[in-house]
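Shared between the two complexes below is subunit A, which pairs with subunit B and subunit C, respectively.
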Partner chain A sequence: MDKVYGRSSLLTDNVMHYCPGCSHGTIHKLVAETIEEMGLQSETIGISPVGCSVFAYNYVDIDWIQAAHGRACAVATAVKRLQPDKMVFTYQGDGDLSAIGTGETIHACNRGENIVVIYVNNAIYGMTGGQMAPTTLLGMKTATSPHGREAAIHGYPYKIAEMVSLLDGVCFVTRQSVHSPAAVRKAKKALRRAFENAQAGMGLSFVEIVSSCNSGWKQSPVEANHWMEENMFPFYKLGDLK
Partner chain B sequence: MAEIKGTINVDRERCKGCGVCLGACPFDVLALSAEVNSKGYPFASQVRAEACTGCANCAVVCPDGCIEVFRKIWKK
Partner chain C sequence: MEEIKLVKGNEAVALGAINSGCDGYFGYPITPQSEILETLMELRPWESTGMVVVQAESEVASINMVYGGAACGRRVMTSSSSPGISLMAEGISYLAGAELPCLIVNVQRGGPGLGTIQPSQADYFQATKGCGHGDYNMIVLAPNSVQEMYDFVFDGFDLAFRYRVPVMMLSDGIIGQMMEKVSLSRSRPRWSAQEIRSMSDDWATTGRHGSRARNIASSLELDPNEMERRNLDLQSRYRSIESAEVRFEEFLTEDAEYIVVAFGSSARIASETVRMARAEGMKVGLLRPITLWPFPSARIAELADRVKGFLVAELNAGQMVEDVRLAVDGRVPVRHFGRMGGIVYSPDEILNALKQEGRSNG
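Take a look at the complex of A and B:
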């Protein structure tokens, strides 16, 4: 029989520290496959965040820099400007990118840096034990909103992808997911397009991936994917925004 | 008509028993084992191996990259 699918050679042998069923693993796999297929292993520099994916550099065999919390887009800006021939991307959670890192993110987008931003939105601070994030849905229970998020107290969840799509420096904004085989295949195409944009110097590409954090959400991995379809997708609508 | 036959190979030690691959299989080939691996996780295994078409859906959704897929197509 012919082998039709196997582990990307860019994935290291390390077993990922992520909880069983965590979307981060699936997204790492897509990053590795895409870079491998584009032949860019030695040309790519990833910027990892603070959050569960802080250790991304242990799993995808490319060059990495691990940035201070929220500062990945600023670090990516410096790296890309110093080494314009390299493919530079950030990989960030919602706490990292759209809470503490909002300023860096918006200004990198507005400057139109030729980088790719991979935004893993699981609507929670996974790493620190499931606290409310700016992206947490109204009514959603977290460690710091045990009765559910209330707009009058906690404000509203916000859609940073829609916000950055208004900025002229941004060439491509898309919102994907990785909960089903079809979604994974689509998300991979979007990543490829984003990397190609960066190669062509077209400006910043922003790829949001609506993700599950089954531990933070206190659900099984399979339940979390269903919950995401029913609750996250109506608010964070999938598809290309720009 | 072509006949398609597939099979998969699961890395039992890497598998975390999350179960995400089970529902992704269109032919209900997979179930979690009663046995556990050295970390204490049950692992995905083929319980209806004869129904596998090698479509790779299970492998594509696996967060931990545990599944390899093989396929053969006979043209008749």
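Take a look at the complex of A and C:
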């Protein structure tokens, strides 16, 4: 019988620390598969953020740099400029990328660095215990918006993918999800395209993956997926933006 | 033939970077050090040595680019002036924690806050006592000439890679802006990819190849026992640096009754003070720490056994004087003379302070 599917050899045997129902495990798997299928294990350097995916380096068997909070795109800039023949990607959450790291993100995009930015947006700070993020939807309850996010107090949720799609240095912007098998397949295709863009030196590719954080949202994994479809997707619309 | 050029201190740093085999410079404009980035952009070293030069969007981005480049085993550097170094403090702490080598140049200006663009030495504490959070040290080199701004780029990279620590060159607006003759004969190529692999394949993130384990550049460790072990490792490295890398210079100290201690531009000014004092028959010598960390405490302690007192001259409110007092340990008086806010003292102002010291000691 032909083998049609196997676990990526780039995934280590370490037990992931993510909560049951978290999207990170699936996204890690897609990243590992993409790197393996492109034969880039020895050529790839990943930059992990501060946040839930800070330990990404424990799970995907490539060289990693753990960056300070928000600074992954600056770190990646130097790694790619100094090793232009390597594949360089950042893996960042919404707090890391679109709050404290907004400046580094926008400017790496604007310089058109030949890197891939993987942006996992679950509208909350997971690791620190469920505080409000810039991406938190209006009305959403978090540890720092316990009565629900109010625009007058907290400002509005914002869409950084739409913002970076306006920049000349960015060649590909897409918003994906991994909440269903079909979505997982589409997300993987998007990642592959992003990695190929970087290989071809086309500029920066930005892959947002709208994700659930059932622990932070205080829902079961299944409820969180439904809630995401009903509330996140209408605001963070899936599909290619550029 | 030896190549000699008349250049500014800041230009000497740029030339030193290119000629010392630097792989990458990442910086953001700020007075009084912008000529470093300007000179590099003018000379376009990416077309000659392959050195990368990036004008970052901030000092925060600059130091994190340095962090990324250092993680790849490359010789990388940044430069800034006082307020910009404050912005880099987080990144410097991460570099120290992840055990990454790099060179950071601070061409000091007066503070606090936005302060002034005039020269100052008020970042001594910031440079020698850490700068960012956590228990760590940087090796700090204090040039007092344009030639040393060139040479200390080489020395800075050598020290950074010998110990895998960040190294700071603590200069100031005087040395950065003044012009002097510089010998550019010292020169070496950038490392090849093979050389980098042979030197740093056990830590540099150059791509996980063959059978080697993946390399991870990180300062994170949640197990407190392991985190303490990493701290102890760093501390033992710092003790090795303290025993092997102290550098200082002495001028007329053999028979001195009073010693002026001064670093960087202040040492240049104080050397004239010593000449003036000698002409008046006063037995005064100069000790100039070249490494501010590690500090020449042992030598100062030796001198304390046979001199009547020390005068620490620095362009600040009294910072290095604390380290001199620790070394002297109360055996003789240690006084401070300083000016602040961009005012630079003249040799005779230091001489007057010395005379007061002599009078108050009887």
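Convention: the second predicted complex is superposed on the first by the 239 of 242 C-alpha atoms of A that agree within 3 Å, B and C clash if a C-alpha of one lies under 4 Å from a C-alpha of the other, contacts with A are read in each partner's own complex, and residues count from 1 in each chain.
We take it that a contact is a pair of C-beta atoms (placed from the backbone, for glycine too) under 8 Å apart; a residue touches a chain by one contact, two chains touch by 3 or more.
Just so we're clear, the structure is a prediction, and the values are computed from it rather than from any experiment.
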*asked:* Between subunit B and subunit C, whom does A:Asp96 touch in the aligned arrangement: first, second, both, or neither?
replied: neither
*Applying the touch criterion given at the start, work out whether A:Tyr57 contacts subunit B, subunit C, both or neither, answering first, second, both or neither.*
second
*State whether A:Arg81 touches subunit B only (first), subunit C only (second), both chains, or neither.*
second
*If you stack the two complexes on chain A, which partner ends up touching A:Asp2: first (subunit B), second (subunit C), both, or neither?*
first
*asked:* Contacts for A:Gly21 in the overlay, against subunit B (first) and subunit C (second): which applies, first, second, both or neither?
replied: first
*In the overlay, answer first, second, both or neither for which of subunit B and subunit C A:Glu208 touches.*
neither
*Residues of subunit A that lie at the interface with subunit B and also at the interface with subunit C*: none
_Residues of subunit C defined as touching subunit A within the complex_ = 23-24, 26, 52, 54, 56-58, 60-62, 64-69, 71-72, 74, 76, 90-91, 94, 98, 205-210, 214-220
*Which of the residues in subunit A end up touching subunit B in this complex?*
1-8, 11, 15-16, 18-26, 29, 178-181, 184-185, 220-222, 225
_In the complex with subunit A, residue positions of subunit B that touch it_ = 5-7, 14, 16-20, 22-24, 41, 54, 56-57, 59-65, 67-72
*List of subunit A residues in touch with subunit C within their complex*: 41-45, 47, 54, 57, 61-68, 71, 74-79, 81-83, 86, 103-104, 107
